[in-house]
Amino acid sequence: MEGRRARPRPFEPGAVMAVLRGKGLGLEIALGGRDFEDVLAELQSKLAERPGFYAGSPATAALGHSSLSNEQLERLRGVLHGHGIALEALSGGLDLEPLATAAGLRFMVLDDGGEELARRRALRPKREVQLSDAARSLVADFDGARADIADRRKRGEASVRRAIIAQPQPAVNLHIEPSAPGTLYHVGTLRGGQALSHVGNIVVIGDVNPGAELVASGDIVVFGALRGVAHAGAQGDASARVHAIELAPTQLRIAAFIAADAGDRVRTPIHPETACVHDDRIAIFPRGRAPS
Amino acid sequence: MHVLRQAQDDNQPDSTSQQVSLGRAIVITSGKGGVGKTTTTANLGTALAKRGAKVVLVDADVGLRNLDIVMGLESRVKHHVLDVLEEAVGLDEALVRDKHSSTLYLLAAAQTREKDDVDTEKMRALIESLRERFEYVLIDCPAGIEKGFKNAVVGAQEAIVVCTPEVSAVRDVDRVVGLLGNAFSPQLIINRVRAQLVKKGKMLSVDDVNSILRLPLLGVIADEPEVIVSTNKGEPLALRTDSQTAAAYHAIAARIAGEDVPAPTVEYKESFMSKLGAFFGGRK
Amino acid sequence: MSARKIVFTSGKGGVGKTTTTVNVGAALAKRGHRVILVDADIGLRNLDLVLGLEKRIVFDLVEVIEGRCQLRQALIKDKRFESLSILPAAQTRDKDAVSEVQMAAIVDELAALCDYALIDCPAGIEAGFRNAVAGAGEAIVVTTPEVSAIRDADRVIGKLAEREMPVRLIINRIRPDMVRTGDMLSVDDVCEILSAELLGIVPDDEEVIDTTNKGEPVVLNETNRLRVIYDKVARRLEGELVPFTNLDNTGFFGRLLGALKAG
């Protein structure tokens, strides 16, 4: 079932209940950041002030970043039921989803960044796609390497290496202009032996020559010819993508997947392409045709 | 005795002529060995000197010196760069005048020393002082990207990058261009091209090479057996008037001097002429 | 029995060290030996390119030394041969990333896995050269019959002699036609100047550049005469006394001796 993003609500000290007007979502019980017993007591007293007023309304328990036990959930439910209010949904961190599902409640995840996105991607229905001449994963060759990358991830070691940029005399620094937090924005061609690594996305306006390396925990975009090695999703995000105007890498890596061009891809005329993990291996699609 | 004294006098660069501005220090480099850096340095120096410029060639390949051999001056070398850097001898005594051109000089490398022995800052200062006396200081860079490379590059303002049409050369040259950065405005010479092989698809074309390197092209030089002969004999080809290769070097020298030179009228194959035209007609 | 550890060096760049390392290694592998080729040219790696394996590099020599991966994970097996693997160099690092001691340790580790460990040395005589040599027990010096190459080979042989390392010579890119006209030094000239034991004479061949560009070692080409020549080099390395090939039909050595006498 598709989740919906819970709207962030300012915490009003003392406000236990708030009605969400016009949305038909009923009542929201603000439990986040407070002691459960306190909230329950306050809830009971508020409900007792206006008996029957809220009967028939649905309610959502908003946990924020707090946790909730099964027993607490049942008690809350019981209190609400006693006033004719049906607890229908739970909102909070992803870890609460199993609890909600087991209790038959709708779940809304608190939007805190990539988790939701990743979850949504995983939930999207797969569509039939036209594959271009695909890059084949050389599975047997890379077993050891992939296992090692996966191991490192499990141990919590980043696969993202430190940026190694050659500094000769006289030193010339690569021009780095962040366009947005989380994205490394590099203008200029990367030559053999140069490397960029970044926690986040990497955008290169220029070519990436053979012998150059890009390592990103997020996506990689090359507005030029990608001929070196690109590693997207280097910390384990297999939904990461590599885009290039000319996608002709020596080697492509996404998370722990590795692929090398078999050499028989037809690329004339040169057209922009996207590489992503599909059907358990790296596949390349013409721009706009990759499954979203 | 009389003859010897005369030879010594001849060996001194003309210190009476004044130079208005500092000369140009150009390093000739590649990363990859054996692509023709030394041959290019020797021939370019010869060609520039033939145009009347005052040129000094500096061999930065300490321990593996070869510029003196290629120039045919090995028997005249008495002192080398390290002697000058360590102030064991003055610059004037170390400079060797060329056999053929009176405005061309050589500063040889040491053969029995190591590249680590060179003090980088002193090298820079040496190049500076050479720029005060010569219009062109051509520095022959050793192969690799280690200390020898760093010493050769320090003090230079421009770079000429030499590459052959082979994938390993292109890869190494690309690395070096990356290391040089924007400060040297590197320009490219593609050496040892065999037009017949390019036509047969058995050798990279100029486009293949420059689609990766993306550098302004100074010239393309064909692979001729006469090159090996000339280096073995110690007589740079640029001295001759009957050689395609010599003509190519002269054209390059003219371009370096700022002339707008059209593609040299040599017998390059058809596919070349159009490519050269495209490159020389304007920047890519 | 531990493997033989051989470094291929030259001093002068561009004489064909990498091509020679690859083809001698391939010839040995074809003869049934387990061979590992090591690229010691950190920052300017080419061994992988010449074998056409550049796309399969995941880990490299420096990462093994730094403990970021295991040796077996960095080794790339060449599928065209029964028993040929390479350990690639790093491209985004410099020669100071490893020390002589580390290099020697790695080669020792490799020696347990093969019969021949062939080390491709970078050009020059700087740290890269010292590192490459540190791991070896014997050396093959590659030179071309040109004055500058011979001068550099001479320097290198001197340095190897300081380390008391046995040295043998391969003369590469010889052109018999030019030797005949006196435009190129003969084999005998070269050997005399360098006074080293001759391991092989490899003629200049138009096809070789194409093979290195394509990543297909010339020994795979059944019609190329270099195949036989590299096979002979392999046999000599094994210890067999193999006569040198006549490069043309009209008595190569006879003519050479004649030329030598003439001047």
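Order of writing sets the chain letters: A, B and C. Residues in each chain are counted from 1.
Criterion: a contact is a pair of C-beta atoms (placed from the backbone, for glycine too) under 8 Å apart; a residue touches a chain by one contact, two chains touch by 3 or more.
Since the model is a prediction, treat every value here as computed from it, not as a measurement.
**Student:** Let me check something: if the centre of a chain is the mean of its CA atoms, which chain is farthest from subunit A?
**Tutor:** It is B whose centre lies farthest from that of subunit A.
**Student:** Taking every chain's C-alpha mean, which one sits closest to the mean of all protein C-alpha atoms?
**Tutor:** Of the chains present, the most centrally placed is C.
**Student:** Taking each chain's centre as the mean of its CA atoms, how far is subunit A from subunit B in angstrom?
**Tutor:** 54
**Student:** CA centre of subunit A versus CA centre of subunit C: separation in Å?
**Tutor:** Their C-alpha centroids are separated by 50 Å.
**Student:** Would you mind pulling out the distance in Å between where the CA atoms of subunit B average out and where those of subunit C do?
**Tutor:** The separation of the two C-alpha centroids amounts to 28 Å.
**Student:** Identify all positions of subunit A at which a residue touches two or more other chains, and write them in rising order.
**Tutor:** Those would be 166, 192-194, 210-212.
**Student:** Going by the contact rule already set, what residues in subunit B reach two or more other chains?
**Tutor:** If we look for residues of subunit B contacting two or more partner chains, we find 145, 171-172, 175.
**Student:** Quick one: which residues in subunit C touch 2 or more of the other chains?
**Tutor:** 43, 91, 94, in rising order.
**Student:** In the complex formed with subunit B, which residues of subunit C make contact?
**Tutor:** So the residues of subunit C in touch with subunit B come to 11-15, 18, 43-44, 46, 49-50, 91, 94-95, 122-128, 146-148, 151-152, 155, 175, 178, 183-185, 206-207, 209-210, 212-213.
**Student:** For subunit C, which residues count as touching subunit A in their complex?
**Tutor:** So the residues of subunit C touching subunit A come out as 43, 54-59, 69-70, 72-73, 76-77, 91-94.
**Student:** What residues on subunit A touch subunit C, complex-wise?
**Tutor:** 138, 141-142, 144-145, 148, 164, 166, 192-195, 210-213, 250-251, 258, 260-261
**Student:** Enumerate the contact residues on subunit A facing subunit B in the complex.
**Tutor:** Residue positions touching the partner: 166, 168-172, 189-194, 207, 209-212, 227.
**Student:** Would you pull the subunit B residues touching subunit A in the complex into a rising list?
**Tutor:** Within the complex, subunit B touches subunit A at residues 120, 145, 149-150, 153-154, 171-172, 174-175, 177-183, 212, 214.
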